[in-house]
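Next come two complexes, and both contain chain A; in the first it sits with chain B, in the second with chain C.
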Partner chain A sequence: MSLLEANNLSVIYEPRGAEPTYAVKNASFSLERGEFVGLVGESGSGKSTLGFAVTRLAKAPARISQGTILFDGRDIASMDEEELRKQRQGGFAMVLQSGMNALNPVRSIRKHFGDIFAAHDHVPKSKRLARAYELVEKVELPRDVLDRFPGELSGGMRQRVSIALALSLEPQLMVFDEPTTALDVLVQHAVMGTIRELQKSENFTALLISHDLGVVLESTSRVMVMSEGVIVEDGTSEQILHDPQHEYTQMLLGHYADPRAEVVEVPGLLVRGSTISLTGHDTVLGVVSPADGDPVTAAPSAPATPVRRRAGRPDAAAIVVDDVSKVYPRPRRGSDPVTAVDHVSFTLEPGQSMALVGASGSGKSTLAKLITGVERPTSGTIHFGEARVDRLRRTGLRDLRREVQMVFQDPYSALNPLHTVEYALMRPVLNYTDLRGAAARTRVLELLDTVGLTPVEQFAAKLPHQLSGGQRQRVVIARALACDPQVIIADEPVSMLDVSLRAGVLALLDGLRVTFGVSMLYITHDLLSARLVTDQIMVLNQGRVVESGQTAQVLRFPQDPYTMQLLEAIPQPQRAGAGR
Partner chain B sequence: MWYPLRKLGLLLLTAWAAITLNFLLPRLMPGTPADAAIAKLAQNGPVDPATRAAIEAQLGVPTGDTWSQYVQYLGNVAHLDFGVSYTFFPQSVSSLVMNALPWTLVMVGLVTIVAFILGTLLGVLAAWKRGTWLDTLPTLGGTFTSAFPYFWTALLLVFFLGYTLKWFPTSGAYGLESTPNLSLAFIGDAIGHAWLPALTILVTSVGGWILGMRNNMINTLGDDYVTFAEANGLRTRTVAVKYAARNAILPNLTGFGLALGGVVGGSLLVEQVFNYPGVGYLLFNAVTNQDFPLMQALFLMITISILLANFLVDILYGLLDPRTRR
Partner chain C sequence: MTAVVNLPEPTGSTPPHQTAGGADPAVPKPHGPASPLRVLSRGASTIWSNKKARIGVVLLLAFVALAIFAPLIAPYGASENGFGRNQSPSGSHWFGTTAAGEDVLSQVIFGARISVLVGFIAGFLSTLIAVVVGLSWGYIRGPLAEIINFIVNLVLVIPGLPLMIVIAAYLQNGGMTMIIFVVVLTGWAYGARVLRSQTQSIRGRDFITAAQFAGDGATRIVFHEILPNMTSLITGSFFGAATSAILAESGLSFLGIGDTTTVSWGSMLFWASNSNALLTGQWVLLFAPGLCIALIATSLTLINFGVDGLSNPRLREGTGR
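Up next, the complex of A and B:
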């Protein structure tokens, strides 16, 4: 008998005053004892809803509308609340997506454990403390974590505490809903490692829900792929990797590539081949001779005749960052000042695209703030052409922003939900250009056309909530383009987007460079996308540049251990089964 | 240990600023109180030097430079000496305030606390039982009653409970024939008189707490830690109280602190309607009679008590929310 068997399970969303929609449609599957199964899909595919349904956590407006869930032979789909509550000990546990917020901020970790033991009484009172110690050690945390409050722990530690809490139920089934999505690359790698080890040592059945096929294939023996509420494929990890049947699975797999490969190819993007100068490791940044470009790639580093509309505007200028440091004052009493950026120098030439990579806290976003004049460096200088960015005041900053624009990470919060797309794009046009009236509107529509949001008239009238994440990010890019800038600083522009949408947005950014000669500083933790859209790369670790050079060179033949660590942390479908 | 000390420092600093402002503001106006009084008299004819001397003796004429006045003022404040009231001459301001304060503190203070506790409990219940009659009734009722104007509620209560049903006396803080003392009979009498004004304040203020708490609670119920607590099969009561409500109450504490601080200012309208001899009533008299010493003392007291209440809430926050203790 399977541990869990879902038959014809459907989950319906019935929001008040809106049409009901089926999030999960007639899902049937089973989980065998001790199995590690993945559930993959994009946002909106219904994978989390399914996870919440099989652990009976679905809340209104979601409702299990039909089907049975046999857990250990008993139907839990129709079980009443109190019986269900008792089932959770020794039954099924869940680790939530945003483990950051899964802990009660006003309760110590010790009390979190205490609440669970008190609720189920499955550990005698005298042994509870010892059991809690044992559990936190299992997730590789120090014992004194029990005396801390959630706010005092890092994201990775909090997620480990969540896992330990779920384990304290001694569950037969653990459902992990995007357990590492909100975490930093290196931390994600470590936490996934812990999950794999625990699954082996504790021998629970695990269901890993993720949008990242790479993460899933690395850990699981079987994968279910979900699209639009339907399980479209269910097979062993090897089958999924080598012989995907459904086109959706094929598409997902198509977006994986090893940034270390000689030629990296992702559908919808220009191929960037091995653009390596034979002279070896090139550390002089900003010097890209056309000879570096592989003739086959058709992605020259400097465009021949960029189409520009900048009449009477200064010529293309480089951003020169010279020995810049940024030190933030002590965040709280007793701690040390934080050096976010530590003596960084580089040059971003016109028309060049450079990646700035590193784990979170490496100082990449601080560097972006310094270059855009949002913050001032503690020491060092930043030049944009003739202007000293670190000394600019109001009108100077205004002139700078005409030339240097940002694309933000989160397209969901970068647009005012109350204004139409046209309004969002009209603001920079009115603020930074001389266009007025009909001409300004024409420019707005032109921008929408540039970023591929057609028919433009329709998109102009839409409100942000009517757009998908990818469409929103295109609007954000269009907004950055409105004043015809020379430089675009893109801070993790695709990290919030689904895999299938990423290529499109990346291709757009790359195309802007080719057609308009815009130079780009591409900030990311994702080395694959850095390989795809940039020529130069800088690797930051704790505010210091540990390695820099041509992207292909650095990623293929990394010299610094930190770069190697980052590369190692990238989930690779090809490593399927390696973890087991 | 740093957190309360830092808050205490902030309290002392703002209190000093308030006292200093209270000292400076009247001095920024031209002339002295005696000049103003004499100018008023002069409209009816010339004021002879004897009258002028008498008025100056009564109201006082500033002596010395501003700095020595300031030092003297600080000393007076420390001894709670705010001078003599114009309206209730020759009673001192502090004795007037001390007579009014207990009535307000007990009646308005208690009812503010009761309204907060009652509103919070009903709000928690409404959010937990969302969509049932336990939600609809307090939510709709709260919306309804919190929109009532004080005086209108007061008139309704006086008419039905006081006049028609004759359950409670309709005005004053105690019967005309009794004098304040600590006998059981007098306390019973005072409680009887407090019912109507207290109910008026309760009816109009409890709705706000219900709605605020319900909304906060609905937010926390959607938070991940509540879902995770449910996933771990915690007891329903634990989830509702220690996870959802415990976090939902935090934003409401600030409002409660302000309400508590406002207690000392009395409930002007309610005390006026019921002739209740509290601070609000006193303040109203002081304003209508241009009794500046009394007003100044009352404003200072209100400011200081709001500061104190905020300090207490900050300390409470530090105890209830580990995130603020840094």
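Up next, the complex of A and C:
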């Protein structure tokens, strides 16, 4: 008998004053004992709702509208609260995406364990401490973690603690809902490793919910793919990897590529090849035209695009960063001041595209703030043409921002929820150009057209919440283009977007850079996208540049151990297949 | 012009759509979905959907109607004093008469005018000051913010009622204007502090940085980007300020500060206590205006329950289990 069997399960959301929507439609599946199963889908596909439903954590306005969930032969869909609470010991447990925020900040980790033991009384009092030690060691944490408070632990450590807490109930089924998504790349890799080992040693049944097919394929033996509330494919990992049946699965797989490969290809984007010799001398980066004649490649696509002349505007200038450091005052008494950027020097030539990569805390976003004049460096100078960026005052900053614009990481917070797209785009047009009235509005529509949001009239009138994430990011890019800048600083522009939307936004940025001749500083932790849209790369580790050079060169033949570590941490479906 | 609905998300690989001939200057104004009227009606329906707030709205409307139509509803004039003194409730005087021979019911009805007027004017003015001070204070950094901080703290730590009494005693013979002035002067600081902390949290959001990059100035950012995001908080602080203004007015009038010949609920209590109404058995004289003050303050507080739902959908009733 299967451990968990869902039959014809539907979950409906019934918010007040809005149409009810089905998040999960007629899902039927079963989990065998000791199986590690993945559940993959993009945001809004209903995968988390399904995870919440099978652990009976779904809250109003969500409701299981039909179907049964048999756990160990008992139907849990109709269980009452108290029965359910008891069931959680030795039954099913869940680790949440924001598990690191699920800990009570004013209680020590020891008390968290104590609470659970007391609630279920399944461990005799005398053995509780020993059990707690055992659990934290299982998730590879030192014993003294028990005496610390959640605020003293890093995100990865806190997520490990919540896994240990879930384990303390000796569950037969563990549901991991995006357990590593909120974590840094390197930490993510390590935590996934721990989860895999635990599953093997403890032999619980695990359901791993993730948007990242790569992560799932690396860990699980069977994968279910969900799209718009329906499980569209259910097969072993090998099947999914080598012979995906549903076009949605094929699409998801298509967006994985190895940045170390000689030629990197992702649908909808330019194909980037390289003719780099193994010695690394006389390197030439070429852009190979794809076979299917992608329309974007019709644009002039030489990396060294001649810089366009703009009437009445200063000539293109380089951003020169010279020996810049930024030290933040110590965050609290007793700790050391934080050096976010440590003696960094580089030049961003007009028309060039450079990637700035590193794990979180490597100082890449701080560098962006310094270049845009949002923050001032502690030492060193930043020049943009004639101007000293680190000494600019109000009007100087305004002039700078006319030339240096920014694309933000989170399209959901970069647009004021109460203003229409037209308003958002109109502001820079009115502030930086002489266009007024109808001419300004024409310019706004033109911008929408440039970023591919057509019909423009309709999109101009929309509010941010009526747009998808990818569409919002296009609006953000259009706003950055409004004043016809020379430099665009893109701070993780696709990290919040679904895989299927990423390629579109990246292609847009890349195409704009080529057609308009703007230079781009592309900040990311995602080496694959860096490989796809940049020519130059700089790898930052704790504020220091550890490696720099041509993107293809650096990624194919990394010299620094940190770069290798970053490359190693990228989930690789292919690697998973090979390793089994 | 053909309108295509539900166009799929354009991918970057599609070539940019070519506009025929480039510019079309005669493009029609878009009828945006965010017209202020619609926002307002949606807000109103949210408040109405809350049971407590609905009771509050009905109560408040009743008092406002009472105030507006006082001359039509009241059986006698407010200061008409030709009746017998200290009469008990009867057919011709439902609530009895005062020591000066005035009809109590008519005074209660006319008294609503002062309370509603003071409540709304003083509430509005102190909210206005709170918004201007709170938002600018939350947005700026540096020494000026420290100075504002000092002033606001000063107003906050001095106990309200004594301060009012001192100011009111200083500005003698001001009547209602003076009372409104005093209430506003002492009432804006709390709202300013609340709005400031919310401004500080919104200030850190990306769309504010984006507005700076778009070249918007500080004033524009504060009043066009931040302010609209705080509508519910401002509405809430208005009802809060109106409640305390009504209570402060009653308190000051009861203490005999201001013009005691104006008929308001506070001054009715003042005269009732002067003539030892409770000792002469005229409890209605104390009870009626007291209850009215309590009811109108309650109605505003109840409305605020609904206002909470504007900003936080989780507080809307019926969504939880």
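Note that the second predicted complex is superposed on the first by the 541 of 580 C-alpha atoms of A that agree within 3 Å, B and C clash if a C-alpha of one lies under 4 Å from a C-alpha of the other, contacts with A are read in each partner's own complex, and residues count from 1 in each chain.
Operating definition for what follows: contacts are C-beta pairs under 8 Å (C-beta built on N, C-alpha and C of every residue); 3 or more make two chains touch, one makes a residue touch a chain.
The structure presented is a predicted model; accordingly, all values stated were derived computationally and were not measured.
K.L.:
Clash or fit: chain B and chain C on chain A?
P.N.:
Clash - chain B and chain C, as placed by superposing on chain A, overlap.
K.L.:
Which partner, chain B or chain C, is in contact with more residues of chain A?
P.N.:
C
K.L.:
If you stack the two complexes on chain A, which partner ends up touching A:A507: first (chain B), second (chain C), both, or neither?
P.N.:
Touch status of A:A507: second partner only.
K.L.:
Which partner does A:R479 contact after superposing on A: first (chain B), second (chain C), both, neither?
P.N.:
second
K.L.:
Once the structures are superposed on A, label A:L463 by its partner contacts, choosing first (chain B), second (chain C), both or neither.
P.N.:
In the superposition, A:L463 contacts chain C only.
K.L.:
In the superposed arrangement, which partner chain does A:N104 touch: chain B (first), chain C (second), both, or neither?
P.N.:
After superposition on chain A, A:N104 lies in contact with chain B alone.
K.L.:
For A:T55, is the partner it touches chain B (first), chain C (second), both, or none of the two (neither)?
P.N.:
A:T55: touches chain B, not chain C.
K.L.:
Once the structures are superposed on A, label A:A439 by its partner contacts, choosing first (chain B), second (chain C), both or neither.
P.N.:
second
K.L.:
Given the touch rule stated above, what does A:A257 touch, chain B (first), chain C (second), both, or neither?
P.N.:
The answer is neither, since A:A257 touches no partner chain.
K.L.:
Tell me which stretch of chain B runs into chain C once the two are superposed: 4-12, 40-48, 76-84 or 148-156.
P.N.:
None of the options clash except 148-156.
K.L.:
Does any part of chain A touch chain B in one structure and chain C in the other, and if so which residues?
P.N.:
Common interface on chain A, chain B vs chain C: 59.
K.L.:
Note which residues of chain A are touching chain B in the complex, please.
P.N.:
Residues 55, 57, 59, 81, 84-89, 93-94, 96-98, 101-108, 115-116, 118-120, 149, 151-152, 162, 165-166, 168-169, 332-333 of chain A touch chain B in their complex.
K.L.:
Which residues, counting only chain A, touch chain C once they are in their complex?
P.N.:
On the chain A side, the touching residues are 15-17, 59-61, 268-269, 294-296, 298, 372, 374, 398, 401-402, 405-406, 408-410, 413-420, 422, 424, 427-428, 431-432, 438-439, 441-442, 445-446, 449-450, 452-458, 460-463, 466, 468, 470-471, 476, 479-480, 482-483, 501, 503-508, 511.
K.L.:
Which of the residues in chain C end up touching chain A in this complex?
P.N.:
Against chain A, chain C makes touches at 1, 3-4, 7, 9-17, 19, 22-27, 30-34, 49, 205-207, 209-216, 225, 228-229, 316, 318-321.
K.L.:
Of all residues in chain B, which touch chain A in the complex?
P.N.:
By the definition above, chain B touches chain A via 2, 223-225, 227-236, 238, 242-243, 246-247, 250, 320-323, 326.
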